[in-house]
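What follows is a set of structures to go through.
What follows is a pair of complexes built around chain A, which joins chain B in one and chain C in the other.
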Partner chain A sequence: MKSEPMLLAQQFVNGLMLGSIYALVAVAFTLTIGVLNFLNFSIPGIFMLGGMFTWIFLKSGLPLGLVVLLALVIGAAASLLVERSSYRQMMGSDHFIPLVSSMGFLILYENLVLIFWGSDIQVVNSPFRDVSVTVFGLIISIPQLAGLALAVTMAYVLTRILYGTSTGRGLRAIAENPDSAIMLGVHVFRIVPVVFLFSGLFTALAGVIFALNYTQVHPFMGEEVALKGISAMVIGGMGSVWGAIVGGLLIGVAEILSISSFGSDFVDIAVYGLLLVILVIRPEGLFGGSALGRERL
Partner chain B sequence: MTSYQTGLLVILSINIVIAYGAYLPIAAGQMNLGIAGFMALGAYASAYVANNAGLPPIVTIFIGAGFAGLLALIVAVPILRTRGIYLALATFALGQIVAAAILNVELVGAAEGYSVLDHFGLATIAPITIATIAVVAYLNRTRFGLNLTAISQDELLANLFGVRTRRLQIAAFTLGAFFAGLGGALHAHYYNYIRPQDFNILLSIYIILFVLLGGTRSVLGPIVGAAIFTFLPEIFRDLDKKFSAFFDQVPDWLGQASAWRFAIFAALIIVFMMLRPQGIMTRGATRAAARWVAWCVRRLGFARSSGARP
Partner chain C sequence: MLLEVTDLDVFYGRTHALKGLNLHVERGEIVAVLGANGAGKSSLLSAILGVVPPRSGEIRFDGVDLSGRTTPMRYHGGLVLVPEGRRIFTSLTVAENLLLGAHNRTDKSEIPTELDRICARFSNLAERRDMPASVLSGGEQQMLAIGRALMAGPDLLMLDEPSLGLSPLLVKQVFRLMQDLNREGLTILLVEQNTRLALKIADRGYVLERGAVATQGTPGELLSDTALHEAYLGQSQNAGRSGRGPARSNNESRIEPRERT
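On to the complex of A and B.
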């Protein structure tokens, strides 16, 4: 039997682990919004593809490394398909048109998976099921720890790319003003796929970690997580990579702590209420110091 | 008419009313992703009053719609400070909060759902839908409709020309929520059973798709969009049976007919948005359709009159 503060600490750790999944999804959302001002609704579908293909490939007996690689490749490909057939076709049209097609992709991906693998909840045969380390009496599962580390590492790599390469300069130029970026010679059609590639990789990785960790996947697994990811992105400030990471961890901790103290029914009201209040009072997010639309990314 | 066909017409009628709930804010350049929340409020308010106060349901549906409109009016002032994606997300959060709140009210059954006593059939629902279409078509012809178009094209410029943008946006948002609540109330009295989880974000997304697929620049757009969304999945419904006429053995994965129809449907949305991002019904398309109808009438009239001549 654990003492009260230890129990709280354990829940805090669990919340951080859950939050790292939200954080990865939030970074994916924040990328397409920050650079392209595009709310990509296909992200829940890509998250689901990452999770479902982890289950499918593990079931067929492939080694774990290959499974993760293949799931990530499929997620990235699915994301690039969204770019090709929604965003690229509709540059310059009404801002909600690409949003509609990305919703179309979400319905398409979910139902295609449903057709071939059914709608049942599948149990992932995760090799990490019971692997954990105990630090100061706190139980930390290895894939969760790896997920948290990967989330932070990938966010770091992303900021290095954004601020250290010419591609990143191009991305930031598009984020600031797409028209001037094109006039100044930024190759939009070469750079925009990079956004979708990264957003697809982050999302699919979150799906893979979710599948390995919580060992349950189904065709509609992405929706709930993506809604939390969107909230995390807003709390951290849209377009801010580190804001998304912090927001994701915050929501994960808040969710776990409030489930244990108030019950799960009130969690949704709390999370979405917070989201609404922040959107109205501080649209730049809790940590964004700058005015709206300026200094994104 | 078979009961299946009547049922489809009822669903179409309800969908049209709700589609106008999304159409009005979109016509003013705002996207309301919380339509399902306003529907839920209208449905539950109407059902509760009808079940407990003894008022006839034809009155209570408007009470329900009024509640939805009232909530919209109260939140419109702070929420419409936000723009674009922020507005879409704020309305989305609002919709989630309404559904989650109802989920916690034991008075209306919470998660178990709520039984609605009074039933509406096509004979009651269709006139309400026609009245809704008439109201929106009329509004569209007034200065109000013209101002909304101006706002959706360039809010700043419209404001400079003296259009009271903020007031009009609040009006469009509130009126849209009223129609969403009305549609939700009709839904409650047609199905006679409502659950909070039926009014989820996916429903809001589908309703937005009705309008965007049909076209945001014409009153006919929501009707066309709602008709496509109501009938097209039904056409694909018996896909596996049709396939089994061609093949002796239907493979297992082909048997998932309902999933196939949604997959095909989604693919159609994507392809359609690539080819015609402005939606099916634009002003030009409406005029062309009107010309075609007039031409047909003339041909008929000409054929008849020429037949009458010696």
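On to the complex of A and C.
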């Protein structure tokens, strides 16, 4: 039996681990909204594809490394398909048109999976189910730890790309003013797919980690996670990569702590209450000052 | 001939922005494109850069037909714009804005040298290299926009209203810079409403009116041509019917930049 403070610390760690999944999804949303001013509703579908294909490939007996790789490739491909067949065609049109069309992709992806694999909740035979390390008496599961480490690493890589490469400069120029960027010869059609590629990879990775960690997947698993991802993005200050990470972790901790303190009925109150409080105190979000595309708002 | 525009027709929706426009620029020239707001000057630059596809007509650069080439390809080929209103990216640093200009260069190893060269030319920018471009004054932003364009390694530098919003002193600086660049061998296509100043540095000029060339010639020819006054004020049709208003004379000193609302 653990002592009270240890229990709290354990819950906090669990919250961070869950939060890293929200953080990855939040970064995916941040990229498309910060750079392209486009709320990409296909993201919950890509999250689900990451999770479902982890289950499907594991069930077929592939080694874990290959499972993760394939699931990420499928997620990235699904995201690029949205770019190619929807966003690119509608770039010049009103904001809501790509938004609605991306929602169409969400419905398409969910129902394709539904047709082939049914709507039941599937149990993932995760090789990590009982693998964990104990640090200072805190139990940390391996996929959770990997998830947190990957979220932070990918956010770091992403900021290095944004602030240290020619593609990143182009991205930030598009984020600030797409018309100017086009007029100045920035390779918009080469850079926009990069945004979708990254957002697809982040989202699919979140889905893979979710599947390995919480071992339950179904065709509609992405929707709730995406709502929390959007909340995390807003808390972080729309358009800030690190803000999205912090926002995701905050929501994860708030969710787990509210479950352990008040029971699972209080999760939504805690999570969206946190969102509300932060918006009241700091309407621009925690890191709103350094956000991508801030100048346009 | 470096740039050759033949029978160019451009539409914005149903607006016929350019109507069979013809224009050419020889290597080493400064060519001024004049005309009132809405005469088609910016549409011309957009079409040359491929931002707006022409309905018909041909644009040849260095002898090559540009149709089917994207804007980045045209930049890579040496067609470079300093846009109206400068369009500096304020969320990027001064150096990043300059580097953005080199976005389409393939000789990546040349870029640091080029950056040093530009910084040597614009000491104001060099001092603020790593600051966000938002700290720059209007004049410095114009210099940054020109510096960014030079980073692309232009063969033809196109400037859209570079004098807009600048004090007379700064305007002079910008125009002197254009002359210097031209002496160094750069070909310049200058779109300006400041007619007199533009004609001072230009080798030839075109006056656009309602999307077509109304007059063209050397600065001397244009300044002595009454049609310039009419086209520039954008009311030749009215003028033809009702004569010129009493406030307007043929006196050349009366030509002043004039915003039409």
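By our rule, the second predicted complex is superposed on the first by the 278 of 297 C-alpha atoms of A that agree within 3 Å, B and C clash if a C-alpha of one lies under 4 Å from a C-alpha of the other, contacts with A are read in each partner's own complex, and residues count from 1 in each chain.
In this text, contacts are C-beta pairs under 8 Å (C-beta built on N, C-alpha and C of every residue); 3 or more make two chains touch, one makes a residue touch a chain.
Everything quoted here is computed from the prediction, not taken from an experiment.
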item: Touching partner for A:Val234 - first (chain B), second (chain C), both, neither; value: first
item: First (chain B), second (chain C), both or neither touched by A:Met183; value: second
item: Greater residue coverage of chain A in the superposed arrangement, chain B or chain C; value: B
item: Partner chain(s) touched by A:Tyr156 [first = chain B, second = chain C, both, neither]; value: neither
item: Which superposed partner A:Phe262 touches (first chain B, second chain C, both, neither); value: neither
item: Partner chain(s) touched by A:Leu275 [first = chain B, second = chain C, both, neither]; value: first
item: Touching partner for A:Arg172 - first (chain B), second (chain C), both, neither; value: second
item: Of all residues in chain A, those that touch chain C in their complex; value: 166, 169-170, 172-173, 175-177, 180, 182-187, 189-190, 292, 294-295
item: Residues of chain C touching chain A in the complex; value: 46, 49, 51, 70-72, 74-76, 80-81, 83, 87, 89-92, 96, 99-104, 148, 152
item: Partner chain A, residues of chain B touching it in the complex; value: 26, 31, 78-79, 81-82, 84-86, 88-90, 92-94, 96-97, 100-101, 103-104, 201-202, 205, 208-209, 212-213, 216, 253, 256, 259-260, 262-263, 265-267, 269-270, 273-274, 277-278
item: Interface residues, chain A side, partner chain B - complex; value: 33, 37, 39, 41, 85-86, 89-90, 93-97, 99-101, 103-108, 111-112, 114-116, 118, 223, 227, 230-231, 234, 238, 265-266, 268-269, 272-273, 275-276, 279-280, 283
